[in-house]
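Multiple structures are listed underneath, in structure tokens.
Look for chain A in each of the two complexes below; its partner is chain B in the first and chain C in the second.
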Partner chain A sequence: MTAQAKTLTLAIMDPPYETARVITAFRLIEAALRKGINVNVFAYEGAVSLGFTDQQPHANPVKGTSVEEEAHPLPKDWIAALGELGNGRNGHGKLDWVNCGLCVDERGMLNQATGRRGGPPDFFQFIQGSTNVLTIGTR
Partner chain B sequence: MSQYLFIESQDPLEDRGACAYLETALDVRRADEPVTVYLVENGAHAARAGARCEARDALLAAGASVRVDGFALEERGIRPERLAPGIEVGSVEHIVDLLADGATKAVWH
Partner chain C sequence: MAAILNVIERAYQGTLEEQDDQALWLVSALRNAGAEQRVLLRGPATAYAVAGQSVQPLRIGGVSTGQPPAIDEDLKRLVAQGVPVWAVQEDAEERGISPAEALPEVQWVSRAGVAGLFREAERVFAW
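And now, the complex of A and B:
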């Protein structure tokens, strides 16, 4: 990683399971980290639910699958995997994931799989230190 | 020199806001600014040759780069050979490259 490594900031606000925007955001984050680009994520509003540790997989009685067979994906696991990928080693970028604290509080999403608690001042700092910023707003 | 990246995630055929968004991209292009429109998620539907989308056609005619996320095409069973002429298949990796260019001004719809 050179001293001039680039940094992208993404602001996201969608909760899990409701929209493809979450998946596209994850894909962008992964692609950037693999390119050695540092990524800041400011998760606010519904997006603070993405890393909620109490997410649970479930069986599917309609398909007749067990919990194991269903292998229900959990966004908290994806975020944790992005965190491992974004450790700054092996040419990968660093991931700094911030959950808006007020959004966490009002939703009760206190237990987070990764990331740190923060707020709009963190987003402002992210913007100031980034090569570019992409806000993926909700509908 | 700045370049503009308009990422469209909605299908202009069902979302009037998406049409207005593409028309905004067209206005920027007609102001002689470099413009790339990236169709992702349901925006990929507008990449089809059979989709009537005047703003898309006008963007291509005006020299904008119009690309569609290959992953979105696969999800929707849209084969690359069925795309409108001039539309290129892209990827999130390319979107990241564009973002990593500090001269790119990016907007998501």
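And now, the complex of A and C:
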């Protein structure tokens, strides 16, 4: 009999570039997926900005780097990469990323790199089916 | 599923433009979805327990908000939904808030008693 895979749910709230909590969440998600743990993400409020497809890199006039040289990271690319990693193959867990729909609407973040539109009922389903839940609220 | 204890500390951030508290809103939405919920107000969020608090609609450049936040009414509605709400007494006292000016629906717990609320919950969410 195979052991049932563990599932971790994260609820996140922060938009990109403002706080270390976003990168911490990304690191946790990747680590869990690579260990074969399924991960659910409920992106709430500002966190729905993380996967917005219209993000663009820019040059850095302070450092004198071009767009290419600066290679400014975009959270939407990290989320897309996590989505590819979390495909359930090669021993990796599955990623289910849900953006809170009302939060998407009020921010105009309709174009998302990955994930699906959802709401609190999805978060409740995640909670019920998870080994553990981590909420990373904003400050 | 047993209860989820939602610990809310951050207060009055984004409440004018959201017209409610983001964490309390989610608690209510999860309650509507069937979750058994509890709320613990600590630190700055103990101010949410003050009865009769109000704010004028936010108006910027001639554009007004429609529904100014009424956090105390949101707490009353939560309790009516079956969501018990506690507030940490010492945190409120440090902020000059007395139980006499608070909602009667809010229950008071000492800092030493918070651990008991944690023990009684199946999950603890910090917002």
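Rule of thumb we're sticking to: the second predicted complex is superposed on the first by the 136 of 139 C-alpha atoms of A that agree within 3 Å, B and C clash if a C-alpha of one lies under 4 Å from a C-alpha of the other, contacts with A are read in each partner's own complex, and residues count from 1 in each chain.
Quick note on the criterion: a residue touches a chain if its C-beta (ideal position, glycine included) is under 8 Å from a C-beta of that chain, and two chains touch if they have at least 3 such contacts.
Bear in mind that the values here come from a model prediction, so they are computed numbers and not experimental data.
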Q.
With the two structures overlaid on chain A, would chain B and chain C clash, or do they fit side by side?
A. fit
Q | Partner chain(s) touched by A:59 [first = chain B, second = chain C, both, neither] | A | neither
Q: Considering only the touch criterion stated at the top, classify A:119 as touching first (chain B), second (chain C), both, or neither.
A: second
**Q.** Which of chain B and chain C A:110 touches, first, second, both or neither
**A.** neither
Q.
Once chain A of both complexes is superposed, is A:127 in touch with chain B (first), chain C (second), both, or neither?
A. second
Q: Take the Cα centre of chain A as the vertex and report the angle out to the centres of chain B and chain C, nearest 10 degrees.
A: 60
Q: Could you tell me if A:45 is touching chain B, chain C, both of them or neither one (first, second, both, neither)?
A: second
Q: Check whether A:8 is in contact with chain B, with chain C, with both or with neither, and answer first, second, both or neither.
A: first
Q | Which of chain B and chain C A:85 touches, first, second, both or neither | A | neither
Q. So, A:135: does it touch chain B (first), chain C (second), both, or neither?
A. both
Q. After the two structures are laid over each other on chain A, how near do the C-alpha atoms of chain B and chain C get, in Å?
A. 6
Q: Under the contact definition given at the top, report the residues of chain A touching chain B in one complex and chain C in the other.
A: 133, 135, 137
(Q) Residue numbers of chain A touching chain C in their complex, please. (A) 11, 13, 44-45, 119-121, 123-124, 127-128, 133, 135, 137-139
Q. Along chain B, where are the residues that touch chain A in the complex?
A. 7, 9, 40-42, 71, 91-93, 95-97, 99-102, 104, 106, 108
Q.
So in the complex, the part of chain C that touches chain A is made up of which residues?
A. 1, 4, 10, 13-14, 22-23, 26, 29-30, 32-35, 123, 125-127
Q: Note which residues of chain A are touching chain B in the complex, please.
A: 6, 8, 20-21, 24, 27-28, 31-32, 35, 37, 131-137
